[in-house]
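Each of the next two complexes has subunit A plus one more chain, namely subunit B in the first and subunit C in the second.
Right after this comes the complex of A and B.
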């Protein structure tokens, strides 16, 4: 981990581009290929690359686990909440047309918002899984020592 | 012409990779070849104009799942198992027969599948024409895939997000938060759980 100078320089250059591309896929998904799911995965891949090169601890300082848990629930909440909002505005569940004055504008808002929810949840869950696996691997000697001594 | 060259090249590469994966004994190399397999599949999806699927395959199949498999390998790696591999106690003839018969039936079944992109295929007859004609005027979204996923099939996508969320909770319940009990513990780890 100490001598990976090339990896560090290249990934410092790549990670912002990965984030930018994830945001592009997220918010341009209605026009080009992609959407919330792909954007969430690409965004988490950027952070995983950071964790691989700079260590899991520094990556956890970027996005701590408790924030990831909140984000994972927040995405589902945004999605389901959009449905509730359309219910309250007098439409059916997830009927986006009632969210704005016209049908098309409402559809557009609805799709952007739920894609954002999808992206947030996917990004958070992928990182939760990665951190769970990475954390599980590290202290295994400590755990074994403790279990052996009891 | 150029399409068939690309398709034949990609499909042969897939077959070569599949055989290499079967022959390989090092799990690390197998995981790397799985990633290559996913990338070539993504290339095939691009060749079939399914850019959204290709995105997902490249990001999830080649990226995230490779990382997770590597992490699992790191967790379960046992050096002493690596030395000698035990051969299975039975002869390979019954599995071979099952594989050959199933494969033969599948190849026989492909003769009834409509040609790729056939407009008269049953899959193109049901709701697909409606989506293709109406999605732009009804949702204002040029990407039909996004229109179907987010608007027409919004309930399905909500279910999918819930599934992903549930999977995250399951991973946390199963293998998350073990660090609290280790001895040289940082304050950060204690706060997590």
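Right after this comes the complex of A and C.
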């Protein structure tokens, strides 16, 4: 990627907007269309756009693979952990009502936290898959070097 | 608190453990953590079985939403028994895994391997305990996707093809199942199994319901590798890492048989099945499967593949019980489900110990190893006797009940087939014994300095071998629980 000036300028302008829209879809998901899955996909699309225009290596500097792996696990933990939290507060598993003083507020908190977990995991897994495919076709020594250095 | 949430924690604990294991550093930590989790789950599964052994049913409302609207976990004697098998096998497989995985899987994949194992464990337990047919599909996908990944980690390159083959067949199976569930939902508007069972009888004549039933049956026949839909199984079991083969062979198909049992008897009801040709079809396919797959097993050159074909044959015995549809038949199915998990677990572990020592599972490489690895050899002999169904082993109990069930309905052909199948089992088990003990040791570089397998492999193997003998004498747990389960699965029988 040497000369694509227009692409670079336009995507630099677009990527923050994509992130912002992803966050809107994430946190407005309880009242409007959207939710964690969609938000995660949109967010990862922003980073994938960055990788396409500026190269996979610079995208990996933004979010390295080992962090993605932690994020992918973190999302699942947030989801399952919400269930445990409601267990500890005396409800059934994933019974959001007990998370706050009123049933309504509890349901609200519950769904927001759960969707946050979904969003993080989906974002991370989409990027892991993208990087896995982007690795293909590269010289094999490259991959082995990395494994050797771990 | 633990008491009332027991059935949920059994599923949630490995689910929570999976992401934690995935981020643990490679080394022994992921293994130690998963092992502890599997032991905790096993203890809870034991408690759960005690809770339902009197014939009562535990219902757990997920998220506090009452069924049939919310997802319900519904535990009776039948699925508590299956959950106990899954948890028990995981609890003995994981200690075995330490050495075996260190040898077979590159170190940088260890934490991901154990994470996938935990996910597969979660999925199988979830399928077993849930009372919601769509939730069942979700757990089916969790367990299937993780098992594809686990199988593809095998050392040989064919593992990738085997995993891919399983991926295609398994996905077709899951798709068929979900199409069937979709049709049921369209007709009844409910996904809860108990609710479905109440709404279905008035719709028995309806074409859509019959189509739904056909889709679900074919879908799960693929998942449980009922002959002739078994083609994915031999490759998957042969090329998967030893630990994965042990775990999947002892649990995955058993869980699928349980789902079949649940769908046939709890959701649709046997009166519906009797109006369709399903029960005859099951019996015909099982007879063909038992005979052909046992013959196939005899002609295999690879010990793991031999046992894999024998597994397909054994699934035939389980499904015949469902096809007969009587109280004795279901007892035989449930008991064989339990016993077969023990015998195949023990046999695959013993073969795995040989593979650990010589790096090959080809039978011709086994020559003379019986004298060098006496404990492993003895484990194969006892496991093999149980597979044949010799009195004093667990295998005898299940075949005994199956033959009783066949005689009760005067299905003489089935009796003959069971006896013939056992004779064929003698031949293929003998093939292993002959190679191990009676052939002179070849002085190849592979086998010349072979010693007994390490204790970390022998102890779990022998735990399962001894369980085979124990449950051959004490049938209180297996037959007793199965008889409690029958009163819930087949209401109106006093057995």
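To be clear about the criterion, the second predicted complex is superposed on the first by the 139 of 150 C-alpha atoms of A that agree within 3 Å, B and C clash if a C-alpha of one lies under 4 Å from a C-alpha of the other, contacts with A are read in each partner's own complex, and residues count from 1 in each chain.
Just so we're on the same page, a contact is a pair of C-beta atoms (placed from the backbone, for glycine too) under 8 Å apart; a residue touches a chain by one contact, two chains touch by 3 or more.
Nothing here was measured: the structure is a model prediction, and the numbers come from that model.
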A:70 touches, of subunit B and subunit C: first, second, both or neither? second
Partner chain in contact with A:60 - subunit B first, subunit C second, else both or neither: first
Subunit B versus subunit C as contact partner of A:122, first or second or both or neither: first
First (subunit B), second (subunit C), both or neither touched by A:81: second
Winner by number of subunit A residues touched, once subunit B and subunit C are compared: B
First (subunit B), second (subunit C), both or neither touched by A:91: second
Set intersection of subunit A contacts, subunit C complex versus subunit B complex: 69, 72-73, 75-76, 80, 83, 93-94, 96
Of all residues in subunit A, those that touch subunit B in their complex: 25, 29-35, 37-38, 41-42, 44-45, 48, 52, 60, 64-66, 69, 72-73, 75-76, 79-80, 83, 93-94, 96, 103-105, 107-108, 110-111, 114-115, 117-118, 121-122, 124-126, 128-130, 132-137, 139-140, 142-143, 145-146
Subunit A contact footprint on subunit B (complex, rising order): 51-52, 54-56, 59-60, 63-64, 67-68, 71-72, 74-75, 138-143, 145-147, 149-151, 154-155, 157-158, 160-162, 164-165, 167-168, 171-172, 175-176, 178-179, 181-184, 188, 191-192
Residues of subunit C touching subunit A in the complex: 1, 5, 8, 12, 15-16, 18-20, 22-23, 60-64, 106, 108, 115
Of all residues in subunit A, those that touch subunit C in their complex: 69-70, 72-77, 80-81, 83-84, 87, 91-97, 147, 150
